[in-house]
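Heads up, there are several structures right after this.
Okay, so chain A shows up in both of these, paired with chain B first and chain C after.
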Partner chain A sequence: MTESASTTRPVVVAHDLHKTFKDFWRRPKVHALKGVDLEVQPGEIFGLLGPNGAGKSTLIKLLLGLLRPSSGDIRIFDQSPSDVRSKERIGYLPEETTLYRYLTARETLSFYARLFDLDAAARRERVDQLIEMIGLARAETRVVGEYSKGMGRRIGLAQALLNDPELLILDEPTSGLDPAGRRQIKDLIQALARRGRTVVLSSHLLADVEDICDRIAILFSGRVYALGRTRDLLEAEHRTRITFPEVTEEAMRTVLAAIQTASGVEPDVDRPTVPLEHFFLDVIESAQQSERDPTGATSGGELAPFLDRGSDHDPDP
Partner chain B sequence: MTLTRNVPAIAGLFFRHCLRTRLVLAVTILIACIVLAVPAYVDGDGTTDGRIRIVLFYTLGLVSIVLSVVSLWSACAAIPIELESRRLHLVLSKPVRRLEIWVGTWFGLLALNALLLAVAAGVIYLQVQRVLAGATRDGGETPVLVGRRLARPIETVTAELVQAEIDARRRSGHITANVEDRDFFPAIEYELNVRAGTVQTGQTGRWEFMLPNRLKNNGALQLRFKFASSGMNDAPRTGTWTFGTRSEPALHHLSGTWTPFQYHDLAVPMEPPDALIVVQFENPLLGEGGAVIFEVEDGIVLLNHESGFLTNYFRAVLVIFLELAFLAALGLSAGSLFSQPVAVFVSYTLLMMAGLAQYLGIALVEDPNLPILYDPLPVPLINAFVEQVARISHAVTEPITQFNVLSRLSQGILVPWSLVRNALFVLIGGYSVTLGIFGVLVFHRREIGLPRI
Partner chain C sequence: MHRLPVRQLIALSGIACLEVIRQPITLLLMVTCTVLTILNPMLVIYPFGEVGKLPRDSALAFQLGFGLLVAAYGACTTLSREVESGTASAVLSKPVSRENFFFSKFLGMVAVIVIYSLCSILATQLNQMISHELRDHALLALLPLTPVAGLLAAAVINYTTRRPFVTVAFASVLVCLALTTGALAYGMHGGFQWRIVPANVLITFALIVLAAIAITLSTRLRTAPTIMICSAVLVLGLVSDFLFGRFTDENWWGTIPYMLLPNWQHFWVTDGLTGGGSVPWTYVLNAGGYAVLYAAGVLAIGTLCFRWTDVQ
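For the complex of A and B:
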């Protein structure tokens, strides 16, 4: 999150937000949200976590104006979510990518692009760039009903980016994707955040959330039980880790003795492992170099040029 | 203005989606079967006119019914399917108002209806041409394939005449004192009309026509008539038609033999007069058969050519299209509120209730004292309520029922532009817009993505 961004108004504000679902006779049946308070600042990646039924999807539907709050207030860009003007600045990837089965990838993206204030040339250009970016250039003339789940997710992501949104709302963005696709999506989200876009993301894949989110909120039964910077929440209190290159046994004994003298406890020693994701991606990368004609989605290209605006800054350390 | 941007996009998407789901292909095959099968299995009266009437009335009628079902069904399904598949969530996350989704979907349905109707109308037109080509070789005539303006005779049965008849029957004791006049009025009015259209043997029936200006200025007139013989005898009847003015009612004569229970067209052998024209039918004493009874509604009419068949056909198809547009609005509004099966059920129920209201309402209008319930409930308030509901339903649905173009088209009667304008005004400007406002309001208030509780 940039410093300049943090001084501006929050992109999303929810205050004492309640949502109660009622049955046919208007009797309250499910209290999906019970007084949720949260803010999402510009340029940050905000993670919504929680088990099934915690209220994540309800919160996202409220953000999109699909549902109305029972009480409390929710604002996007200081506007009501039901105000269509706010939608000009939002991109949304639903949990399940439900597309028009009989349209091709290009037709699908062209249709969604037509719903924004873009001229025909800009629409074409963006569709071309996004198809290239998500790695479906080879399959763009196939109807999306023939796509695998992962390919459908890629199209879903592309449609969310058509308007170069200031706020991206992603519901399980990496579900159904192979590790390479997940890595690519995570890189993309981080690249967009570095360029000033705000991302609200809901996921069950905690490793992904940990990887990329600046802040997280953990919901359970409609209430926020934890809210804060990811690193702050995950930091193990009263523990310190020192990592250094491999040393001789003698040097190691000296270091451990010094730590034991200083702290009074014997430190744990182990060898760090490479994350499985990194290992897998290395294997696949070398496999791709030997495979001449891979099927399905290719790995995709760089960030689409039209999305590549704004200063590319590093996220907060 | 997002309306001009989003509505065509959504309409185009809906139309393309329908095309690719093979709905159009399936309906086209069904229509082709109807167009080919109906003329092959229904002969009519065996004449060229009869065959063309069959093609126009039954084939186009059946096709209209099929398209009505398709239109209503597709409209009922359009929004619920988008909701259930969650595709609508994605569309609503874009800068699209629900009004635009509703209107865009409606336009998509109109485009679908227009395509299917155009295909069907084109094939039926070719079928008519095929029948006509065969008839030309046989030297047959085709008086159906025109658009002729129609004039009915001046009504001779007035309210005063009916009242006088009731009074006479009271005096003679045929109507007792404890029965009110209005109880008998419709029946006696009908009886007098039948009497006015009946020509006994050895007598002459007389009808006067006040010709509208458009009818006078369009040249040659035609007389169309249809009659029944007393005793339901279907043997051909001989008679003489005379045409003239009030001062000279028998200027021109036409004698001939005609079959009962069929429409007959005769060229009137005189120029349309400035004032009214008098038409008489002489039922001779000689020969078999008794009285000749001309139908009260369409027994005798005067027609004259105003437009060719193609333009008349085009106007009729336009009216059918507007009816389909109304059905699409009805289905879409129901689908804005209910799930697909419920929307279908509600739409068809409403249409059936409208038909029932028409029946009850017409009965009430024609006979204000008619008991709505044959076995009325003992609670007068409920009876009064049912009667009021029937009256209101009749008033609401009555304007929709005035656009029956099939009988006009199949009889070569003009479908005037004024009827198309009325259909546009009533079906689209009135009913579809009202349904649309209701549908959009309901859709706007509806929460999307509710869990199933």
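For the complex of A and C:
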């Protein structure tokens, strides 16, 4: 197998994947997945969507080898998920940030760093950089049990990045975060994808998924009901939008008349609005100039230097 | 790369030990055990022929009884609760094998039991000093305050340095017990009674076997059934000579449970201490070998169970 061939192989392959949970007496209790087929390509941001109980978290835990499939096949980097070696290339942020409550932020990251094959100097350097990146340098000595949910999510994300993973699996990465925190996480995910990392994320926040995912799969009751490029799936058929800068009323009338003559239908006219998220972030940014966050959390820095490898290329149009 | 599993094992064992110690109930059990151990000589009205025998037997019983709760509750906290709370899934998403994860939890529990037993050994020594100095009222008033002094010291350290109270309290109670025992050992009747230590060590072995059983059970069961089954195993193992041992030559149905149940009588040697007797260290080593083999067998079953457990 050539190197180029290996890099273009799917990072994740699931084929006819079934998972049935059983009760204490080994009787079937819940059919969580019923024949899921999907592939995730290198460098893409892949979104898993679905209502509660759709099977998103089950699929993620199968990817991590935490659960075993009842039938079907699942491969990650062409290895079984239960193979410990595959996990050296994976970063995982659980749905609920599950941390050891009595450790400080630094102790937490140092503990997780010791689970990887990193020397002491590299571990220290990465922990320092990640604490700076997630903006918790001023709260690093507090035990994480005292953190807010948002701060806990940030530590959870930092532990997922300790090994500079090729595949990042994020279960509800933006839940519990304020809009500024969500924007930062989304920017971070996109920055990592631009540098060649693959991201699989599940979320209930459809706007977030729409913002950043290249492809999505929509699950319901353990089955995939829609799978494809986000833009293709969301494209409104038989509709065309033309946007142009402020024009005079007379020019507008001329344009509308021309369109009506050419197409035979009367077009709708409205004024585009700024997304609330952008408006909110502008307000908060100006407020941050004069206020200091009492929790010790700051807005965070740039991508940690050890993560800033690979070419920074624009995502596919 | 070959050193990674060892480093993981050390890191995971350390965190398992810390997590159990930081549970307030572990501190509560340890302090209750030491306070009761130190207090009980004052409650003995009649010595039954040998001064200090009844308090000594009670002290060892306290070590075993409270140790059972520490072992079973700690094992559940460190494994099944980690699986339930999700910290296990975060750790197992790293390149950590399930075998390493499971065994590290056991090693963490062994560390907790050793610390708990150290406190118990020191409290047993104080128990014996009090038993022989019952007329020294000042001593009687002050000695039971030793664990309390440890807790007060921990409160001060917590206030001044913001270190977690429970962890500091574990260490400070141990230090206070050690200082008190050390200070009194040379001035009291009998001094430090080394002959009792093997009995404490044997109970420590029993607790380690119990921890292995509890941690194996907690791969499939929750806290309450684990503690119930461990208690049943403790009781059945204590009377297995009577219930099953006497039938082993006659019936196969007596042999199987007799072989499967841990025989706690190997670790309960209070009679050997009667009348100034002692327990040979060679016996302690043999019993330790039995404990290691039994725990290894139980842990092997636990490893297999945990390997096929869904970590949700």
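Assume the second predicted complex is superposed on the first by the 305 of 317 C-alpha atoms of A that agree within 3 Å, B and C clash if a C-alpha of one lies under 4 Å from a C-alpha of the other, contacts with A are read in each partner's own complex, and residues count from 1 in each chain.
In this section, a contact is a pair of C-beta atoms (placed from the backbone, for glycine too) under 8 Å apart; a residue touches a chain by one contact, two chains touch by 3 or more.
Note that the structure is predicted; figures quoted are calculated from it, not measured.
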- Task: Once the two structures are overlaid on chain A, check if chain B and chain C clash or fit side by side.
- Result: clash
- Thinking of the overlay built on chain A, is A:Val30 touched by chain B (first), by chain C (second), by both, or by neither? first
- Query: Which chain A residues come up in both lists, the one for chain B and the one for chain C?
  - Reply: 21, 61, 64-68, 84-85, 87-88, 90, 92, 94, 96, 98-100, 102-103, 111-112, 114-117, 143, 159, 163, 169
- Query: Mind pulling up the chain C residues that touch chain A in the complex?
  - Reply: 1, 4, 7-8, 11-12, 15, 18-19, 22, 85-87, 89-97, 164, 167, 308, 310-312
- Item | Touch list for chain B against partner chain A, complex | 2, 5-6, 9, 12-13, 16-17, 20-21, 85-87, 89-97, 447-451, 453
- Query: In the complex formed with chain C, which residues of chain A make contact?
  - Reply: 21, 61, 64-68, 84-85, 87-88, 90, 92, 94-96, 98-100, 102-103, 111-112, 114-117, 143, 156, 159, 163, 169
- Message: With touch defined as at the start, can you tell me which chain A residues reach chain B in the complex?
- Response: 21-23, 29-30, 32, 57, 61, 64-68, 84-85, 87-88, 90-92, 94, 96, 98-100, 102-103, 107, 111-112, 114-117, 143, 159, 163, 169
